[in-house]
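Once you've had a glance at the structure underneath, I'll fire off some questions.
Lettered A, B, C, D, E and F in written order, each chain numbered from 1.
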Amino acid sequence: MITPPVSRYPVPPLEGLPDDLRARILEVQEKSGFVPNVFLAFSHRPDEFRAFFAYHDALMLREESNLTKGDREMIVTTTSAANNCLYCVVAHGALLRIYEKKPLVADQVAVNYRKADITPRQMAMLDFAMRVCLESDDIDEDDFAELAGHGFTDEDVWDIAAITAFFGLSNRMASFAGMMPNPEFYLMGRVPKAK
Amino acid sequence: MITPPVSRYPVPPLEGLPDDLRARILEVQEKSGFVPNVFLAFSHRPDEFRAFFAYHDALMLREESNLTKGDREMIVTTTSAANNCLYCVVAHGALLRIYEKKPLVADQVAVNYRKADITPRQMAMLDFAMRVCLESDDIDEDDFAELAGHGFTDEDVWDIAAITAFFGLSNRMASFAGMMPNPEFYLMGRVPKAK
Amino acid sequence: MITPPVSRYPVPPLEGLPDDLRARILEVQEKSGFVPNVFLAFSHRPDEFRAFFAYHDALMLREESNLTKGDREMIVTTTSAANNCLYCVVAHGALLRIYEKKPLVADQVAVNYRKADITPRQMAMLDFAMRVCLESDDIDEDDFAELAGHGFTDEDVWDIAAITAFFGLSNRMASFAGMMPNPEFYLMGRVPKAK
Amino acid sequence: MITPPVSRYPVPPLEGLPDDLRARILEVQEKSGFVPNVFLAFSHRPDEFRAFFAYHDALMLREESNLTKGDREMIVTTTSAANNCLYCVVAHGALLRIYEKKPLVADQVAVNYRKADITPRQMAMLDFAMRVCLESDDIDEDDFAELAGHGFTDEDVWDIAAITAFFGLSNRMASFAGMMPNPEFYLMGRVPKAK
Amino acid sequence: MITPPVSRYPVPPLEGLPDDLRARILEVQEKSGFVPNVFLAFSHRPDEFRAFFAYHDALMLREESNLTKGDREMIVTTTSAANNCLYCVVAHGALLRIYEKKPLVADQVAVNYRKADITPRQMAMLDFAMRVCLESDDIDEDDFAELAGHGFTDEDVWDIAAITAFFGLSNRMASFAGMMPNPEFYLMGRVPKAK
Amino acid sequence: MITPPVSRYPVPPLEGLPDDLRARILEVQEKSGFVPNVFLAFSHRPDEFRAFFAYHDALMLREESNLTKGDREMIVTTTSAANNCLYCVVAHGALLRIYEKKPLVADQVAVNYRKADITPRQMAMLDFAMRVCLESDDIDEDDFAELAGHGFTDEDVWDIAAITAFFGLSNRMASFAGMMPNPEFYLMGRVPKAK
């Protein structure tokens, strides 16, 4: 099941993992057809694995959010590109293409989101995400007002900021540990009915 | 119990919080004598509250780590200063002073860790933490070799990176939301048996 | 033949172009099955069109070069990503995949070439290309020595520098004028015998 | 009287100094209870010692200035933090706390002055000081107009700029020479009736 | 005719060059009284020589442009200074002084164009040229609108951008190859009736 | 005697100045044939005028220094260019040409000192000056060792650092106040026996 390399850290055998980790990994394998390497790369640290994916789910699966799943993956892809994180750009770019049903959008936001074929609301969302990513210390009420002008509530702003902040963590972990994206991600969502 | 301002986001009344959040908040209040604002600032998002503190504890309370508690708080204070995060520098600088029993060290690493009165091993640890904080995309085997020369194992390196990455998340959340450090933190650990 | 938008500048009708421009455009259309937008975007300035493509050909088709066509497109894709140029990353990333016969390599070098699955010689080539792209004023004999250690002659170094410099020009033109990559490029070289 | 280390440069014995230097040093010792290391670090260069402190006094003791002593120390602390100067942040942060009678303000402006508990007028003053500190070449009439909107005259603007510029000199001298702040500074102004 | 050093690359003897290169070199020698080193530095690559000077002429000699020759050299001098390119600042600074008949202007724009004695229209032109030089990925319709307010048409904007982009190429080639400006350039246009 | 503009600040009439300022101004006028604008620009602040020129003289006229006058002006010109200070680059570039008797050297170090025709010892001196100018917080014993390898004593290092730091002050004052270099400076030292 494991195609090397996952990262520069060793990956424990699946059977040796705590039950909840193994269950989560098998679940994602069944759903996706493969195990995204981030699950394997974190599995040698069960407590961090649990916290990482709990945080991920709290943000990316949050049901009461006004951000669509496409919006959220767009934030991830754009800010991960700003951090030059190979794993996250490739893996979340795939999800972005699928959720937005736009095969070109992930490459566009990864290279230069200002040139991407997205809505003005999404552009404002990404402008703010980049502020959180690169200069969070300079954010003030003007940022909130700008976003309010595009219909974003304070809770929406929290969502944008929290997703950006969480993937800033993820980007740093993936880059330092050399996590490599699974080959499957690169083509997902690029062709109609892929696979 | 709550002295405004905590952050620009509303803080729900303690009695309305889920039991586990309220219990955690009361626990820290009993232990510290006050509730650090980060607990209140996250309380309107229970799932994120749980994931945030679970991740925090996984890293900062990890028992099998070779990093001392002082080492860990030193990483937090130094990298939070690089991100200009007021809340984390003040709050974790207090813990750093206490764990290291050095009343001057937090101000030193926050302003310029290269001038701080710390060990060469700690200096190498902070050099790497700053790499993770500011240029994680450029990390390679040379970084691991440098750290190995100071006795850090690969698992120690993961600890340094993960703490830096997690507080990069925390810094961005605190700065964007305007979380203010409790006044109590500023003086903690500066005077013998601080009142 | 022209699918808008090509760029923010008007594209003259093909029949109104000077013969040599029209011939070149028809030639590339026949060879590729479509007209890359850069040909159309430059066509309102015939003298610049001629000079641009003459320069391009002098570098990218240079027969006596020791750089393979894959090497050259790798330089273009990597440095164009550093300049956040959507057109060049997408268009030349396609050529890179085809020449290198590696469907994943373009996304890798565009996001973080240090993590890409390339040879040490190519890594040194890209390190130098990034120096030319971002800090050409600081290049000295140490750079030449480093490259010589990987087997690059002085003429090879000129090739790397000239390709980087030329596409620095191209990146700035494409970005300022809003040139959009043709949709065909995004998928080229990603799947065996695409289309 | 001298507690090592003062800086990496030797400190001549007090009795060997020119009379005016010795008098100044004894005066500050009597007033403060200790000799700030900057006096000792400059004492091996009498002409520079005299010019440095004459310049310091011309700016920081200027009686006709509309800037309060607290304003001036706030400029010093904030811009010295931008230059990562340990000596000046710690020493002038102490004076700032005392003059403003605000035990928290020095840490706030040193980490992120935009989050500090200061007046809008002081915020505008610091915005301009940071311009002088980091991008003086870009200052134009818009800066003067912005400051005028907060009641600052052209002479006040000169004061802000001159204080920032002088401490930019001081920061570079202290950092290059490794001047260490006296331990006494760290706690000054933090507790009621310190000492 | 050749005074070393021209660059770190060998310069072929004039008699061995293709006829068109030799003719061009002799022509410039006759006109200027010396051969600018850039002609010699490119002569070992005839195809690139031809393309480089064809591109140069297409932009710098373009007759239908609304930019004066002085405007164009001002763009070159300013952006070449931003790229720290010794050859281009010295050589094109000389031409700028001559075309503008202002012996001080080249040094002014090279050090800080915002302080130069130029028109508001030229200042806006240089502001945009610096955008193309340093942050072309961020250019959008606001830039075009700003320039339109100073009377620049879209075709004028293309001229500014193309000149900046072409000399960005030239700067990188000159810096990497160590091209040295001919001594004659330094004094041209500084004194009345300079020979 | 005064040719406008000197700076954006008013210049008091010579007769109204304190005697020592007027004497100093008349002295420099007699020696140079004109009054450099920096003397006029500082004259409305007598105490700062005195301290500024006392500091200047302590560094630039220091007799026991191992740095030649040419070395010192080279440091000023190079670092002032890094700060984009028009006044100091033009005025001190003139002095540099005269002291070094090299009419080309000022333009060279101002654009890119790494390409200048200077000695390896001067290159090392400028490398360190740029460290003090741009990243003084990062200087450590390795810098001193590097300079020692070129024969610089610790006192020489202090000279380099102090000159850089003082002109960093001067650069910020000149830029913020819009001090304009006197036209006379531009041509000084460029031609033999300049009139």
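Everything below uses one rule, namely that contacts are C-beta pairs under 8 Å (C-beta built on N, C-alpha and C of every residue); 3 or more make two chains touch, one makes a residue touch a chain.
Fair warning: this is a prediction, and the values are worked out from it, not measured in the lab.
Think of each touching pair as a link: the shortest run of links from chain A to chain D has 1 of them. Between the contact lists of chain C and chain F, the overlap consists of B, E. Of all residue numbers seen at the chain A-chain C contact, over half occur in both copies; the interface is built from largely matching residues.
Farthest from chain F, judged by the mean position of CA atoms in each chain, is A.
Taking each chain's centre as the mean of its CA atoms, D is the chain most distant from chain C. Between the Cα centres of chain A and chain E there is a gap of 45 Å.
Chain D and chain F have CA centres that are 24 Å apart.
Centre to centre, using the average C-alpha position, chain E and chain F are separated by 29 Å. Along chain B, residues 84-85, 112, 115, 137, 175 each make contact with two or more other chains.
If the chains shown are joined wherever they touch, the resulting network has some other arrangement, not a path, ring, star or complete graph. Contacts between chains, counted with the stated touch criterion, involve the pairs A-B, A-C, A-D, A-E, B-C, B-D, B-F, C-E, C-F, D-E, D-F, E-F. Within the complex, the chain C residues that touch chain A are 81, 84-86, 89-90, 103-104, 107-108, 110-112, 115-116, 175, 178, 180, 183, 186-187, 190-191. On the side of chain B, the complex with chain A involves touching residues 8-9, 45, 47-48, 50-52, 54-55, 57-59, 62, 83-85, 132-133, 136-137, 139, 144, 154, 157-158, 161-162, 164-166, 168-173, 175-177. Across the interface of their complex, chain C is touched by residues 112, 114-115 of chain F. Residues of chain A touching chain D in their complex: 137-138, 140.
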